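Pasting a structure below so you can have a look.
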Amino acid sequence: MDHLSQLKDTADKITSMEIRGAGRIAKAAALALRDYVESLEVGSIGEFNRHIENAAKLLVDTRPTAVSLPNAIRLTTQYTSSDVYEAKEEIINNAERFIRQANDALRKIGEIGARRISDGDVIMTHCNSNAALFVITTAFEQGKDISVIATETRPRRQGLLTSKHLLDYGIPTTLIVDSAMRYCMKKVDTVIVGADAIAVNGALVNKIGTSQLALAAHEARTNFLTAAETYKFSPNTIHGEFIEIEQRSIDEVLDRETLADLPELNVLNPAFDITPPKYIDLIITDVGAVPPGMAYTIIKDHLGWEVSEIV
Amino acid sequence: MDHLSQLKDTADKITSMEIRGAGRIAKAAALALRDYVESLEVGSIGEFNRHIENAAKLLVDTRPTAVSLPNAIRLTTQYTSSDVYEAKEEIINNAERFIRQANDALRKIGEIGARRISDGDVIMTHCNSNAALFVITTAFEQGKDISVIATETRPRRQGLLTSKHLLDYGIPTTLIVDSAMRYCMKKVDTVIVGADAIAVNGALVNKIGTSQLALAAHEARTNFLTAAETYKFSPNTIHGEFIEIEQRSIDEVLDRETLADLPELNVLNPAFDITPPKYIDLIITDVGAVPPGMAYTIIKDHLGWEVSEIV
Amino acid sequence: MDHLSQLKDTADKITSMEIRGAGRIAKAAALALRDYVESLEVGSIGEFNRHIENAAKLLVDTRPTAVSLPNAIRLTTQYTSSDVYEAKEEIINNAERFIRQANDALRKIGEIGARRISDGDVIMTHCNSNAALFVITTAFEQGKDISVIATETRPRRQGLLTSKHLLDYGIPTTLIVDSAMRYCMKKVDTVIVGADAIAVNGALVNKIGTSQLALAAHEARTNFLTAAETYKFSPNTIHGEFIEIEQRSIDEVLDRETLADLPELNVLNPAFDITPPKYIDLIITDVGAVPPGMAYTIIKDHLGWEVSEIV
Amino acid sequence: MDHLSQLKDTADKITSMEIRGAGRIAKAAALALRDYVESLEVGSIGEFNRHIENAAKLLVDTRPTAVSLPNAIRLTTQYTSSDVYEAKEEIINNAERFIRQANDALRKIGEIGARRISDGDVIMTHCNSNAALFVITTAFEQGKDISVIATETRPRRQGLLTSKHLLDYGIPTTLIVDSAMRYCMKKVDTVIVGADAIAVNGALVNKIGTSQLALAAHEARTNFLTAAETYKFSPNTIHGEFIEIEQRSIDEVLDRETLADLPELNVLNPAFDITPPKYIDLIITDVGAVPPGMAYTIIKDHLGWEVSEIV
Amino acid sequence: MDHLSQLKDTADKITSMEIRGAGRIAKAAALALRDYVESLEVGSIGEFNRHIENAAKLLVDTRPTAVSLPNAIRLTTQYTSSDVYEAKEEIINNAERFIRQANDALRKIGEIGARRISDGDVIMTHCNSNAALFVITTAFEQGKDISVIATETRPRRQGLLTSKHLLDYGIPTTLIVDSAMRYCMKKVDTVIVGADAIAVNGALVNKIGTSQLALAAHEARTNFLTAAETYKFSPNTIHGEFIEIEQRSIDEVLDRETLADLPELNVLNPAFDITPPKYIDLIITDVGAVPPGMAYTIIKDHLGWEVSEIV
Amino acid sequence: MDHLSQLKDTADKITSMEIRGAGRIAKAAALALRDYVESLEVGSIGEFNRHIENAAKLLVDTRPTAVSLPNAIRLTTQYTSSDVYEAKEEIINNAERFIRQANDALRKIGEIGARRISDGDVIMTHCNSNAALFVITTAFEQGKDISVIATETRPRRQGLLTSKHLLDYGIPTTLIVDSAMRYCMKKVDTVIVGADAIAVNGALVNKIGTSQLALAAHEARTNFLTAAETYKFSPNTIHGEFIEIEQRSIDEVLDRETLADLPELNVLNPAFDITPPKYIDLIITDVGAVPPGMAYTIIKDHLGWEVSEIV
C-alpha cells in the first residue's frame, strides 16, 4: 500500500466508524498525516503545500461533525517553514506531540480534577466518560474516602459500565434511574461528567440528560464539573455554527416487539443535549481547570485557531 | 359471612394489595362501611359510636400510608345525630355520596383540565396517570388539535401504556427517554401529570422524575399542571407529617443476571419524589382548578378535617 | 316601559358597550335586577324562581367575558326563602348592598393601599387604573411626600391621563416610555397597578405590559401591588377556564397612512397580559390586603361561589 | 383593689414592660379580662357591652404594636348572647380556653414540628426562639440523632442562650458568627427559626438576620421552617398595615468607649427584618403545619377576625 | 484645502453630526488620518510622532463618547517603525485595512449569525439595527423559513423601519408595542438585537428597552443574541469608566400640544439601557461568535489596547 | 550577613509572620531575590539557574497558601538570557518593576474603581480592605457626595477600623451588625469589598460573610465589586487546586469565661468564604476593571503563568 492509500485507509476506517471515539479518531488522523508526510517525496514547497491541503481535506471530510478531527489536523499541519524538508520535520513533530499530549490528557485531567474532590464527598456522574472516571479514580487512589451515584443513562445504560468500572476499583457505587437525579441531589457534593464537545461560549455538548442534571445541581448549589480534553473544544462554533444534535435509532429505545405493537408511535432519541455555561462551575482540561467562559481562549491559544481567517 | 367478617374481608384485601390504587381503595372502604352499618343492629348510640370507631380503625390500619383511605373513612363516618337510626342513615348517605363523587371525579377533572389546553398545544406527560390522561383525551375529543410527548418513565416504563392509550384515541404521541425532558421542553406548551398525594403546602408527591420535569418546565416558563382527585390531598401533613418516599425493589431496575455480575452494586429505587409548590401552576381537582397554596383549604373544606383536633 | 323591558334595556346597553367598565356594568346589572324584582308580581315561588333565573341568564349573556357581571348577579340573586315576598326582599337587599359596597370599594382600597406607601417613596404605575390612583392620592393626602413614575402605556397612551390626574393633585410625576420600565426600576420603592381580573390562582389579568413590569420589579426586589375590587375576581377560572386575551384593532397601533404603506404588515395588539402570582406581593382589595394565593378564598367567601356545583 | 383597678394594673405592667413576651402579654390580658368580667355587676346588656369595649380598648392601647395583644382580646371578648349572665359566662370560657391553648401551644408546635426532623439531620437556628427550640428538643427526645448549628445573633448574642439550652439537653451544638450562615448552609438539612409576627401574606417578621438566613437556605434548596403560635399572626396587616421595624439602642452594638471615640458614627440597629413568603416552606403552628400562603385563613378561622368590618 | 484642513473638516463634520453612526464615524476618521499622513512631509520621526499624536487627539476630542472613534484611531495609528517613510506606510496600510474590515463587518456578522438561525424559527428584534437585520436577511436568503416579531420601539418607532426592511425582503413580519414583548416571548426561538457599545464585562449598551427584552428572554429560556462590529467594544470601560446613558429630548415623547397642557410634567427619555452579561448568550461579531465574558479579549486582541498603560 | 543569609532571613520573617499581608510578603520576596541576585557571583548559567531555582523554592515554601508569594517570585525570576550578567540584569529589573507596580496598585485601583461610583451613591462594604477603601476615598476626594454602610464583621470587628478610616476622611458612615446586610440592601447603590484571593474561575475568596453579602446584592440587583491587586489572582487554581478555608481560633468568637461555661460547645470560625463569580459584576484591578470570567487571562497575561507546564 503506498502512502496515500494508507491515509485513505485511515479515512475510510473513520468514515465507517471502525475507528471511533473522539480521542482515537484524533490520534489516527495525526498518525496518518505523519506517515503520509514522512513518505511524501516532492520537490517544491508549493507542491508540498497542495498535497498537505488535500490530505487534510480528505481526513476532515470523513466525519464533518467530529469535533476532535479538525483540531488534530489543524495542530498537525501548522508548519511555518518554506523549506520542504523543514516543513516535513515540523509536521512530524506536531503529529507526535499531539499524540503524546492526547495520550497524556486523561492522566492530567485525573490529577487536576482530583484536586476538586474532598475526603468524604458523594459524587454523581452520568453516562460513562473516561475523563470523568479518571478524576474519580485518581481521587480514590489518593486515599480519599468517596462514594459515587451513577445514573443508568437510558437508552444504552452506560451507567452499568460506569458502575462496574468503579466497583472494580473498590469505590462504593449506587445506581439510580435517570429520573432520580433531583431526588438524590441534596446529598451530593460534586457532579462530574464528560464532554462530547465544548462550544465557544462554554456550552457543554454531552450525553442526553446532562443538562437536566446540571439544572438540578444548580438548583441545589451543588458543584458541577465537566472533564474535557482540549481537543473536545469546537473551533467551528466561533463561526457561529450550532453543534447539531444527532438523532439516534429508535431501536435503542424500543425492542422490535413493542415497535410492532405501536406502529404509529413516534420516538425521539437525541444522543446529546446542550448544557448552558451558567450551570457549569469548571471545565477540567489537560491544560488546567478553566471556567466555561474561557472556552474561546482555549480554542485560540491551545488549538491554534485564528478567528480572523474565518468566513 | 356476617357483616363484620365482610368488613374484615375488605380490610384484608387492601392489606394484601388485592385491592389497590388510591381510588379503588377509597371506594372499597366506603362501601364496606356502608354495608357494615346497614346490617349493624345495636341499641344505644354509645354502643353504635364504639362500633363505628372500631370499624374505622380496622380499615385505616390496613395501609397506614395510603392517602385516600383516611379521607374516605373520615367523610363516610361524619354523622351528627345521636339517634342510631338517623346516624345509620347519615353514614349510608355519606358513603354513597363519596362513591358517587369518586366515580365522577375523573370526568370532572377531564372537563376542568381540558379548559387549560388550547388548540395546537404540545403537551408533555410523565408516567401513566388516569387523571392526566382524562384531561388530554377530553381536550382531544373537544376537537383540539394536540400532540403529546410521553416520557418512558423508568424503571417500569409506564410511558408505553400512556403512549398506547393516547394512540388508541388517535392522538399523535412521541416517546422519549426520561433524560430528554429538558431537551424537548422549549417546544412544550403545557406539562400535565397525575398525583399520588398532595401535601398541605401544595407539594406534589408523584412518580420519581416528576420534580425534575417540573424544574425543567419552570426554567422554560412552561405551565405545569397536576391532576388530582380531592381524596389525594393528605390530611396528615397538616400535623407536620412527612410523606414517606417508598423505596422499591432492585429487581425493577436490574435483571437477575446483571445483579449477579455486580453483587456489591447498591441500587436506590425511590417510587416517588416531591415537587415543591413553587413549580406548580395549578392543581386540577374534581372541585375546581386551584393553586397549590390552596391545599389546606381543600383538606379543610372538602375533606372535613378539623385541624384543631390534632395532636 | 314595563319591568322586563327595562331589564332588557340595561342588557342592551351592556351589549352595545353604552354601559362599560367593570364597576359600572356590575352596578347596572344589580340595579336592573332590583327594579325588575320590585315590580315583579307572581304567585308561586316556583314561577318566581324561573323568572329570576331567566333574568339572570339574560344579563350574564350580554358580555360573557366581563368578570364583574356574574359576580354582581350571583351576589344579588342569592336568596334562601321560599316565600315570594321574603325572597323579593332578600334580592332587593342584596342588590342594594352590592351597589353600596361597589361604590365604597375604591375608598376602602385607597385607605388600605395607602398604608403600604411610606413617606419618601417613589411609586411606578402603568396604564390608568382608578383603584391604583386612589391608593396613590390617598397616601398623598395623608401628607406623605411621594412621587410617581407613569408609563406611557402604548398603544392608547393612558399614561397621559394618569399623569394629568396626579399633577392635578400636585403629585410630582415623571412620564417614561414603556421600554424604560427596567431602566428606572432600581430607584422605585413600590409598583402599583390596577386589575382587569384576578384568576383563582392569583394571576393578574391587566393592561398589556403589566407582566413585564412585574418581572422587572421582581428582578430588583421591588414590591409589586395590584389594586382590585373584589368583583374583579373571576369565579370561572375555578372551573379551569382561561381568561381569554382580547386582540384589539390594528388602528390603535398604526395610523391609516402607515397601514397603507405596509399592507403585508401583521400587527398583534393584545389588550392584556397575565402576570403570574409569584411576581405579586399583595392584592389590595376592598376587604383587605391579601396575597395572590388567597384569590380562591375571596371567590368563595366574598363572592359566594360554591365550587362543588361546578361542571 | 377593685376589679377595674386590677385590669388597669395589668395594663400598666404591659406598658412598662414588666410583663413582656408575646405569650405572657396575651395571657395576662385574657386573664385580666376574665377577672374583670367575673366581678362586673351591671344590669343591662347595653351597659355591659360598653364596659367590655372600654376594657378591651384600655388593654389594646398599652402596646399598639404587640401582635398577640389584639388577638387575645379579640378571642376573649367574642360573645354572642344578649343576656348579661350568659355573656359573662362566654367571656370567662373564652379567656380560659385562650390561656389553656396558649399554654399548650409550644408543646403542640414541638410535636408537629418534630415530624419534619429526620434522624441524622443537621439543623440551623438563629436567635433564641422557644418555639423553634421545642421543635428541636422534641425531635431529640424522640431519639433522633440530630445536631444543631446556632448563629451568634449579634448584637445581643442570643445564640449563646440557645447553645446552652441545647447542650443541657445533650444535643451536639456548634456556634458560628452570623456571617458564616451561607458558608455552612450546604451541609444543613433544615433551618428552623421562631417568629415575632406573621403578616397576612405569610411574610415572617423575626430577629434581624432571619431574611438573610432564609435567602441562603433558598439558594441551597434547604428547607426553611418557622415556628409560630397562632396568636403571632397579625390581623392588622389585612388592613394593609406595615409591621414597623423597631430600631433599638446603639448601646447594644457599641460600648461606651468606642462610642466616645467615634462620635460622628451613625449606627443602625433594627430589631427585626422581614422574610418574604417565597423563602418559607412551612409555618409550624399549634393548629398544624401550614404554608405561608395560609396566613389569611389562620387569621380568619383561628383568630376570629372578620375582614368585612375593616376600615 | 491643505492636508490639516481636510482632517479638521472631517473632525468638524463628526462634531456637528453631519457624519454620524458608529461605522461611518470610524471610517471617516481612519480615512482622514490616511489622507493626512499621505500628504504629510516631515523630516524627523520625532516631529512625525508629534503630528500624528496631535491629529489623533483632534479627532478623538470631537465626540468623547463615541465608542468606535478611539478604536479606529488606535488601530490606524499603531506603527512600529522609526523610519518616517515606513511609519507612513504602516499608517496608510492600517487605515485601509480598518476601512476594508469595517466595510466587510456586516457581511461577516450576517454569515456568522445566520448559522444560529434554524429553519422554522420565530425571531424577535428591537429597534432598527443593521447588524441584526443582516443576520436575519442572510438566514432568509439561505432559504430558511423564518418570521420576525418587531417591536415598535418608542419613542422614535424604529420598528416601522425594521418592518419595512424585512417586508421588502419578503420576510413575514409582525409588529407589536414594546409592552407586548413578554406576552409574545414564549413562542419566540431567538432574540437578536444590535449594539451601541459592548463594555469590558460584556454588558450591552443598546436602545432603551433592550434590557427588558433580555430579561423576558432569560425568563423563558429563549436565546438572546446581540450583533456587534468589533469597533463597538468600548476600551475605556477597562479603565472602570461607566458608559453614560444619554438623555434625549422630551419632544421625542410628547408633542407640543400635550407639553403645553401638562407644563409640570417631567419626562425622562433615556436613549439606551444596559443589559447585564448574564442575559446574553452570544455576541455575533465580525471576528466570530463570542460569549459576553470574552469582551476583554476582543478589546485586547482585536482592538489593540494595552491595559497596562492605563491610568 | 552574606547574601543567602539575608534571603533566608526574609524567608524566616515570612514564616514567622513578622512580615505579613499579601502586598508586604510579595514585595519582601521580590526585594530579597533582587538583593540575592545582585550579590550572586557565579560563572556558568547552569550554576546560576540552580541558585535561582533554589532561592525561589526556599521563599515559596515559607507560606504555601499565600497567594501573592508565588506571583512575586514568578514575575521576578522570569529571565530569558543565557548570559549570566544579562540574566542578573533581567531579574533585578523584574523585581524593581514588580515592587513599583505593587506600590502603585492601590492608587490605580482607587482611580479605576472610583469611576464606578456616582454622585449620591450609598456604598456598602464589609471588613477592612485597603483596596476597597482606596476606591471609596478616591471617589470622595473627587467631590462625589457619598455615604457608606460598614458591616461590623464579627468576630474581629474590622468594621470599626473601616468606620474610623472613613470618618477621618469626613465620609458619613453607618455601622450595622452583619445580620442587617439584607435589611439595608434595597437602598444601597454599590457594594465594594476587597479580596484575599481570586480563583481561576473568578470566584472571590474573602472575609467570611462576603458571599452572603454578594447573594443579598444579587437578589436586589445591586452592583457588587471587588477590588483586588493582580498579585491576588491565584495561579494554583488553574491546576484545579481548592483554596483552603482557614479555620481560626475559637478565642476570636468567645471569651474565656463563656468557653469555661460551655465546655462542650463546638465553635466553627472560618476566616473566609467563597463568592461564586455569578454574583460579582466587576473585579477592580490595577490593570483595569475586568469581569470575573477574565481571571484566567489575568493569570496568564499579567502574572506570566504557562498553563501548559502544569502537573
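As written, the chain order gives the labels A, B, C, D, E and F, with residue 1 at the start of each chain.
Assume contacts are C-beta pairs under 8 Å (C-beta built on N, C-alpha and C of every residue); 3 or more make two chains touch, one makes a residue touch a chain.
What you are looking at is a predicted structure, and each value in this text was computed from that prediction instead of being measured.
Chemist: Looking at the contacts, which chains touch chain B and chain F alike?
Modeler: Intersection of chain B and chain F contact lists gives A, C, D, E.
Chemist: Determine which of the two chain pairs, A-F or B-E, is joined by the larger number of C-beta pairs in contact.
Modeler: A-F
Chemist: From the mean C-alpha coordinate of chain C to that of chain D, what's the distance rounded to whole Å?
Modeler: Roughly 36 Å separates the two chain centres.
Chemist: On a C-alpha centroid basis, what's the spacing between chain D and chain F, in Å?
Modeler: Inter-chain centre distance comes to 45 Å.
Chemist: On a C-alpha centroid basis, what's the spacing between chain D and chain E, in Å?
Modeler: So the centroids are 58 Å from each other.
Chemist: Mark out which residues of chain E touch at least two other chains, giving numbers and ranges.
Modeler: 219, 278, 293-294, 297
Chemist: Line, ring, star, complete or other: which one describes how these chains touch?
Modeler: other
Chemist: Which pairs of chains touch each other in this structure?
Modeler: Contacting pairs: A-B, A-D, A-E, A-F, B-C, B-D, B-E, C-D, C-E, C-F, D-F, E-F.
Chemist: Taking the touch rule as given, give the residues of chain A at its contact with chain E in the complex, in rising order.
Modeler: 200-202, 237-242, 276-278, 293-297, 300, 307-308, 310-311
Chemist: For chain F, which residues are in contact with chain C within the complex?
Modeler: On the chain F side, the touching residues are 185-186, 219-221.
Chemist: Along chain D, where are the residues that touch chain B in the complex?
Modeler: Contacts found on chain D: 108, 111-116, 118, 278, 281-282, 284, 287-291, 293-294, 297, 301-302.
Chemist: Which stretch or stretches of chain C touch chain E in the complex?
Modeler: Spelled out, the residues of chain C in touch with chain E are 149, 151-155, 160, 163-164, 167, 172-184, 207-209, 211-212, 215-216, 219, 245, 253-254, 258, 261-262, 264-270, 273.
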